[in-house]
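Chain nomenclature is as follows: A, B and C, assigned in order of appearance, with residue numbering initiated at 1 for each chain independently.
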Amino acid sequence: MTNKIQNITAAVEAILFAYGEPLTIKKIAKILDLEEEKIKSALNDLEEKLKYENRGLKLVFADEKVQLTTKPEFSSLLENFAKEEFKEELTPAGLETLSIIAYFGPISKAKIDYFRGVNSAFILRALLMRGLIDRSDKSKEEYAYSLSFDALKHLGISKIEELPEYEKYKNNLNLVQ
Amino acid sequence: MTNKIQNITAAVEAILFAYGEPLTIKKIAKILDLEEEKIKSALNDLEEKLKYENRGLKLVFADEKVQLTTKPEFSSLLENFAKEEFKEELTPAGLETLSIIAYFGPISKAKIDYFRGVNSAFILRALLMRGLIDRSDKSKEEYAYSLSFDALKHLGISKIEELPEYEKYKNNLNLVQ
Amino acid sequence: MYQLQLQQFSGPIEKLLELIEEKKLEITELNLAEVTADFLKYLQSLTVAIDPRILADFVVVASRLLLIKSKALLPNLELTSEEESDIKDLEERLLRYKKFKPAIILFKNLYEKNYFSVSRPFFHGYPPVFHPAKNADLDSLHQAIAKLFEYLNSLSLETQKIESPLIKLEEKIEEIIKQIEIGIGQFNEIIKQKSKTEIIVLFLALLHLLRDQIIKAEQRERFSDIIVEKSGSYNQNDK
């Protein structure tokens, strides 16, 4: 299979296009039977090419995964693809919680509760149901919450670091206590 | 709207990517609020660019319509990928969703999300692709999901009532709501 | 419904910060004492509408404020080192929240900008093919549904368990009225030998009674005890 692949960048583009959902780099490497390093460099190459103004697509990265999407500057043309559940305005508690997860995720419920001073169980459930956050059970004790790919796409950013003043808030507020 | 669009080729790529289906040039022209001639020349431009070996996609023209798809040289790779993907065991989340649909189908996505406490969009799509569930548009607003006939056969039962403790769970649904 | 309603409320840290900022105050211990009454008033407005679990968290913050307030009112009051660090902790959390608040606004603007990316559905255009999973059998479906029910049941049990603190407020209201009736009129006497949580609930009860003008309270001078007495409008049948 592999020897047929002339161009890894092209293959990666085709795979991401067909799969549609976020895909781990590991999985792409497995499909192409190549080392992850090769995939990473193909993704870098693809990302660079997509930056040209005659390209309408971009890559979104989070949690070792990557997804091919449209550039947000075309959102006005694609209104009917906007997610209904995200259009609805966030409640004050929802906004408070989602911002904390955005800037400090992956973050445990205990830390979110401490930061807000209130039990966030219901809010987290509501955000999970709307698909704005993901829950990972990397450690057995505690779930960690982070922004979902759908949320990143709704915000029109390619990775969490593109949030406004991300570094400033992430680094200056030590939430780890 | 249009004056914001800097690059028509990029916009056409984004539109074809998002819609997925074959689109008429007329339709694309309407979305972009431009003359068809402009769309045609953007499509030519896009087609030329897609010929480069580092691109994994191509345009397919048929019946006055155009569609963005993967290049044929990746077809067997992608088919194998899809096959492998569907051969895998169901994740705990997949099993949970399937069990809810089995015991409580036909059931809406909103209700499934409510029971699970998380968004089930992707899992539902995957279960549909595997042919384990069917989707019917019971009401205009909402799809209803139920176990497919093939899934029943696979489980070795002839009707849904033969599921273990079917009555118990079906009737207790209200208790947890 | 009820969960949606819950989301309309900001957390207690956010609320407290709001109260401080409304008065254009800095976050200091003294200023916290200043807004205690406002916070308690807000807390009272919540008791009818809000989940007891959430309310409990507001009470925790209220209790720290009351501690600060008592310290301001009663300079001789000796606080334990735990209480001192609780006060410090509240101040630090407020400061941290205040620093973060602009990020919430930035996030909100981005969220509402309607500037989004679109992705494609999972294997779009590929026909569905029947691929049963090895692990999709009757047994595993049965187990999955049983596990889900167990979880959902535990959730509703948990909610029931937390209902109890609410009932207590009513009890404490009765208790204060009784104490006044038998002639104990000083708040210090009423709260004598009570646990800290009980004191908080008693204080809330006191505020409740004041609001409904069932009792009158008076503090003759700063730092002195609060004297409570029945007001004319109290009628045994009201409660």
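What to note about this one:
As a convention for this text, contacts are C-beta pairs under 8 Å (C-beta built on N, C-alpha and C of every residue); 3 or more make two chains touch, one makes a residue touch a chain.
Keep in mind that this is a model prediction, so the values were computed, not measured.
Under the stated contact rule, the graph of chain-to-chain touches is complete, every pair of chains being in contact. The most centrally placed chain, judged by C-alpha centroids, is A. In whole angstrom, the spacing between the mean C-alpha positions of subunit A and subunit C is 33.
Averaged C-alpha coordinates put the centre of subunit B at 43 Å from the centre of subunit C.
The distance from the centre of subunit A to the centre of subunit B, with each centre set as the mean of the Cα atoms, comes to 19 Å.
Residue positions of subunit B with contacts to 2 or more other chains are 14, 17-18, 82, 122. Across the assembly, subunit C contributes 118, 120-124, 126 as residues in contact with two or more other chains. Residue ranges on subunit B touching subunit A, taken from their complex, read 1, 4-7, 9-15, 17-18, 31-32, 45, 49, 53-57, 68, 70-71, 73-74, 76-78, 80-82, 84, 113-114, 117-119, 121-122.
Contact residues on subunit A toward subunit C in their complex (touch as defined above): 17-21, 58, 60, 67-73, 75, 78, 81-82, 86, 89-96, 98-100, 102-103, 113-123, 125-126, 149, 152-157, 163-165, 169, 172-173, 175. Interface residues of subunit C, counted against subunit B in their complex, comprise 118, 120-126, 128-142, 144-145, 147-149, 152-153, 156. Taken in their complex, subunit C has these residues touching subunit A: 3-4, 6-14, 16, 51, 53-54, 56-58, 60-61, 93, 96-97, 99-100, 103-104, 106-108, 110-124, 126.
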